[in-house]
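In structure tokens below, several structures.
Both complexes shown next keep subunit A, but they swap its partner, so subunit B is in the first and subunit C is in the second.
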Partner chain A sequence: MEKTINVREYSNISSIRGTLMVIQGVTDAAYNELVQIELPNGEKRRGIVVDSYLGNAVVQVFEGTTGISPSSSTVKFLGRGLEVKISDEMLGRIFSPLGDPLDAGPPVISGEKRDINGSAINPAVREYPEEFIQTGISAIDGMNPLLRGQKLPIYSGSGLPGNILAAQIAKQATVLGEESNFAVVFGAIGIRYDEALFFRKFFEETGAINRVAMIMSLANEPPMTKILTPRTALTLAEYLAFEKEMHVLAILIDMTNYCEALREISASKEEIPGRGGYPGYMYTDLATIYERAGKVKGKKGSITQMPILTMPNDDMTHPIPDLTGYITEGQIVLDRALYNKGIYPPINVLMSLSRLGKDGIGEGKTREDHKDLQNQLFASYARAIDTRGLAAIIGEDSLSEVDKKYLLFGEAFERKFIMQGVNENRSVETTLDIGWDVLSILPESELTNIKTSYIKKYHPAYRGKK
Partner chain B sequence: MENGRIVRVNGPLVVADNMKNAQMYEVVEVGEMRLVGEITRIEGDRAFIQVYEDTSGIKPGETVYRTGAPLSAELGPGMLGQIFDGLERPLGRIAELINNPFVARGVKVPSLDRQKKWHFVPRIKKGDKLSPGDIIGTVQETGLIEHRILVPPNKHGTVKEVVKEGDYTVEETIAVLDMEGDEVPLTMMQKWPVRIPRPFKEKLEPSEPLLTGVRVLDTIFPLAKGGTAAIPGPFGAGKTVTLQSLAKWSSAKIIIYVGCGERGNEMTDELRAFPTLKDPWTGRPLLERTILVANTSNMPVAAREASIYVGVTLGEYFRDQGYDVLVVADSTTRWAEALRDLGGRMEEMPAEEGFPSYLASRLAEYYERAGKVRTIGSDERHGSVTLASAVSPPGGDFTEPVTSNTLRFVRVFWPLDVNLARARHFPAVNWIQGFSSYVDLVAKWWTTNVDPDWKTMRDFMVKTLIREDELKQIVRLVGPESLAEKDKLALEEARIIKEAFLKQNAYDEIDAFASPQKQARMMRLIYLYHQLAQPLVEKGITVKQITEKITVVSDIIRSKASIKNDELQKFDELEKTLKSQFEQLSKQGA
Partner chain C sequence: MATMEELLDEVIKKALDEIKRNADQSFEEAKRIVDKTYNDVLQSYSNKVRDLITKTKEEIEGERAKLDVENKRLVASEKNYWIEKVYEGVKDKIDVLLGSENYKKGLEGVLSREAKNDVIIYCNSKDVDTVSSILNKLKIKAKLKEEKMLGGVKIEFPDQGLVKDFSLDLLLSQVFEAEKPKVAKILFGEE
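What follows is the complex of A and B.
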């Protein structure tokens, strides 16, 4: 907020419902102004103005309204928006979304106060992502590549290893040929305590903790703190990227918790619900989070965003994954069938997509044959899946010779290409070579998506022969 | 003009009193930050204002400043190659001004550069009688576009003065008209309220195809200049890539790309690529004919609602100059959601799925602004506005209100199929569900200009694809072996049509754009295959033998990416091989 207004104090709370409070007699509450509520026992809570009339202000309380009594509590309007002190001191530490330390450390001293709602990046100053990030995971690097400045979510399901995959990516991600100023901002939104513990332990054990800042709210906290968590995390990410010139990987987990909190708050405000009871503005609201990623002209840093969400009932058309997919630049989809087959990471490459990937691969970036190989693997694996469906109905024996080869290819693709260890960090060359190896199961005449010159150079039947 | 006082702030909705004399859709400036807003309802002396910028920090009691004018677009030289926001504010110049990567609030920068001088060549002389829409003179704005300066639709009269050829800014008077005794100064810039369609003399029937270089669009479901098309599809099905192909390769003279509630990086992609990409029809950089209107998903929702009107108004302005304009909107669903959001805040009664009841009439109003017209002006000019819009149905469900209402108002339907997209069949236009009601209208153009058999060959392909769809159901039940040989041939032909013709790689240098001639040559090859194979099958040669012996098929499939638009003679070679391979097979079989 650009202007400063004096602090005003009121004590006439006229109604409290859910996390909303109406304060009477207020004539100049600014929209989105921060308020502080003081309870009779001295406890202080915070909230923001969500609707302001001449004479009335509606306040959303962050920490919940339990214990607030209209007669004995006072409300201070602070004359500023919701600002949190942001600093590079936060690396290696854990904070609440309001900037309070959650570890044993001291509060942040240096740094600057920022409005956590942020502003939209001017499309005219954005710089298009083009640098390939090697995650060391074949299903991503080979098929759905991640670029620096991209927003690429992971669609997980209950019990699927979305967290492990995110941690593995955070650990392994590197840009080819570059030692960089790299940081991870980890926004843990309403996660379970055991999940929080897992990530903390993982970062400590891998020695990455010093370049990780965690902004955390737990599952049992009031919905408003979950709404703030990704915003504070991304404000920190923007500060590190555009002020401190760092390359930031922002991991937000779990956006499903965020959307549930949004629905809860919307319902308490008695708004007209949209699909699935979620508010009609959820698309726009999610966009104000997901769009806070990218690169801008004249700044060295970048924000790559990897939100993780749990698809309710593994349903990709559920409003949360659906709206997310319309905003993000692709998605990495985890698949229960692959998981049950014992394949890690259980990435369904056909349902997954990286919209920007094409701009970061190929000659001079990864390897000249990457695009053709990727196209061919997609086309062949799609056919293998079709054939598998057909074989289930008419029996494998009645398939043509070529179709039988496709079945073999499909198996090999899943077992050799997609499947890898939790600690296995494959170079992009290794990934591509494995791709060629599994493709060599098919007759060469089936490889119509690959330029003949690449076949002669990289196909195992010719490789090494001159 | 009297100013109002804010009595309520609820997100993008601000209510002010003391606004008795305000007009509907008048633009106002809200609060001391002077945020831009528009009046959308008046009750007594209270006006409901939809504010186009974030209202954080605005409080009751602050002033609302009236302007007395509706939301208008500035039209004149200096729009091409620019990127504007949903209110036509120049994002590039704003970024230079504030030196900050973020969009700041309350920044006032005129849409057209006031300092820049344009070389104006007059076409009129003193004493000429001018009607609305007459050409006063021209400015060669880019290498590609001659910007014709027109008499505004509401002005006419006798020329009293006109400046000499020379360099002028958009605000300098270039001519003075005597309009029934009043002196009317004219500048190169005019303003037009965006919610009102610009006038024209007559609407004409679209008859010329709007070529896109995308085979499935041009040949299977063609769009005509002045027509309307919708591209619905779930996320990841390739809506944006298809629209970008349209913006890059289509045969329109001017492209207006409205990024309405979509991704920031997509607009950047175009800003980055368009200066270097060449228009296939003229060889000039694409940016010379393109205007971007960007209101990304995280920018204020009210400005998103306005952005498509701004886009189509710019389009109509160039149409009036006699150009064919394509306005691409990505995506009208986000626009409809903006309507829903604002309607909800005004506490309007919601209709289907929370959308306001006037959704259908707003969509109709928008699509009705398309058309091929005889423009105003005394010389006979024809121009057109073609509208192509993406629709993003939740969960890919085409029965939802935005998609189903859009279908009532468009004449071309390019539905994208997520299953095709997952199998990386792009463009993922579903050939069973899609339709175009321009096929017969544009067939004449194709048969006269490209290939006399165009209609026959196109219909053959469509029929084969429909037949394949029926056969696939049978195959799923009984397996492919039990099909009759002629049906197996239909399957093989459909495979070739899909692989060679329908699939097109938008990122391949050669394949991305197929000239109409190349499309016809490819279609002819496929048709020839059918003509040669069918008699053999009737003679008892199996399809298996055909697929084994006719090896040139994989070259035919590759031809889309191996034969350039200017070396079509290479198709003769393929044709010859195809014929000789069939001849050999026929001899062996006999």
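What follows is the complex of A and C.
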């Protein structure tokens, strides 16, 4: 059945405060209804209904209210919610959260108009994630693997290379055996212009642009635009995954900007603030974004989410990473100490965790020794860190021979396993082999987490020998 | 005496053997060093060549992807141009609709549902008579003003500062936007 078009134009703007506008005499405005404001000079701006009371409607103007005069501007209520035309034509292109092209190309031709708020996936039809996604980054693939349908955030810090890591993952990530059916939806929320340029150039120069769709809002845009960005990105991801049966990796960067915009809008609506000044409903709001990921029974495609957030002051107890951690299935944590040592990517594997990772590795998925190797590397690296602390107190010369080996192992683990180039795409076999190479520094008697049969097969001392 | 000469020969022979042994050893050592250096250099240059090939492959892939995307954008722009041409064509031919009974019935339906006394009704110059007769039929006292539009009406409620848009311009743009994929399929075939 076709929708009735209900376009009403009002001229009774009673007040303008910041980015909010109050229009009198409106009794039939729907919450989140899209509006168009026309200025006397013909300029058109867009907004959304954020409040409706006592015959007044409050509209948040996307492009700001500078130059809008209450007496001579008109507000057209468009009779529909925030719908964006979504299509697989968007792959290889850059759009605003409202669906406007930002790459000097034409608007989308074929496709469907979808409400960007989406709807939650029916829990009864969700499928448990079990397929491995190869990101090409050893610290993730080897130690905290990402599975198809999982949501695994990256916790970055100010000045840490979260952007470069996100771009590298977008370029390299693939589902083994289904490389041609993989797409990346990149939601860039409130990023700086130079960051936008970096992402665009990186994808173009590395050839990844063809399979990446970018939904972008810049730092100087109104907060409402930043709020819409992940929603539009995930609506596109849902279309590509469940209509076009593609494996979609949705990378959202930076969720901290999203939460700051949420805080700004909440403050402008004079809502009572919660922890840290963020709105009390921030947990629910984040969940409506993060929960738009997963696999569905009967559908070939899937959405895997990698939101990236910047921890203010590297504080993991800050509301943003704290609440994100409650909803998502683990975290990849970037460490400043590793970054200062010149290690890229500076992933702290001890603080990172992939809660679903164990179900996607092993024989038939990656390699039979993956689980044991992962456990051993984790245990040995943890001991290496402890040994460093001990060495700082009693001095390296006072350490036992085994402890000295652990120090060497720790260094090798960071320099050979964790550290890799920006354009270095390691297969999971290469990652596991490098893991074995660094473990070979330790005496065999220390490898207590690995089956003897695997040692005899994969350890460098025995590799290739019968 | 022969014994002295023999001794001398013996000593010289031993010295020559020693020198030959040393020379052989040195030669072997030098050969090992040369072999090792050769292998190291070969490995290093092989790695450089491999890196160069990978880098060049990536650059080629990058250029190809850029060209693909540019091509896609150009094709989409061209398609959009022709679709807009169809839209302009439809707008030019809309007059055919204005004379039909269905159109008049539509106008009557909108006016009977929305128009009240003392409202201002905007329509195009060709519809003035039609709208006037409908208002008389419905016994609605409203002001009629001409406005440049394809067809349909806009109804202004001055006391509320509200204008309701039932113009063909709005209707056509909404419907055409929804039908764009079908138009594209007819013009350019199945993708």
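Annotations for the structure displayed:
By our rule, the second predicted complex is superposed on the first by the 452 of 466 C-alpha atoms of A that agree within 3 Å, B and C clash if a C-alpha of one lies under 4 Å from a C-alpha of the other, contacts with A are read in each partner's own complex, and residues count from 1 in each chain.
Please note the rule applied: a residue touches a chain if its C-beta (ideal position, glycine included) is under 8 Å from a C-beta of that chain, and two chains touch if they have at least 3 such contacts.
What you are looking at is a predicted structure, and each value in this text was computed from that prediction instead of being measured.
Contact with neither subunit B nor subunit C is seen for A:A392 once the two complexes are overlaid on the shared chain.
In the superposition on chain A, A:I109 makes contact with subunit C only, while subunit B stays out of contact range.
By the touch criterion defined above, A:F242 lies against subunit B but remains apart from subunit C after alignment on the C-alpha atoms of chain A. Once the two complexes are overlaid on the shared chain, A:Y10 sits against subunit C while remaining clear of subunit B. With both structures placed on the common chain, the touch criterion links A:F378 to subunit B but leaves subunit C unconnected. Between subunit B and subunit C, B contacts the larger number of subunit A residues. In the superposition on chain A, A:S119 contacts subunit B only, with no contact to subunit C. In the superposition on chain A, subunit A positions 5 are in contact with subunit B in one complex as well as with subunit C in the other. Against subunit C, in their complex, subunit A makes its touches with residues 5, 7-12, 24-25, 74, 76, 89, 92-93, 103-107, 109-111, 113, 204-210, 423. Considering their complex, residues 6-11, 32-33, 54-61, 83, 91-92, 94-95, 100-104, 234-236, 240, 259, 261, 263-265, 267-269, 271-272, 294, 296-299, 301, 334, 337, 340-341, 344, 350, 353-354, 392, 394-397, 422-424, 475-481, 499, 505, 507, 551, 554, 557-558 of subunit B touch subunit A.
The part of subunit C that touches subunit A in the complex is made up of residues 58-59, 61-62, 64-66, 68-69, 72-73, 76-77, 79-80, 83, 160-165, 170-171, 174, 178, 180-181, 184-185, 191.
Those residues of subunit A lying in contact with subunit B across their complex are 1-3, 5, 27-33, 50-55, 81, 115, 117-129, 149-150, 242, 271-275, 280-281, 283-284, 287-288, 290-292, 294, 296-299, 317-319, 322-323, 325-327, 329-331, 350-351, 353, 355-356, 358, 371, 375, 378-379, 382-383, 386, 390, 393-394, 398, 400, 445, 448.
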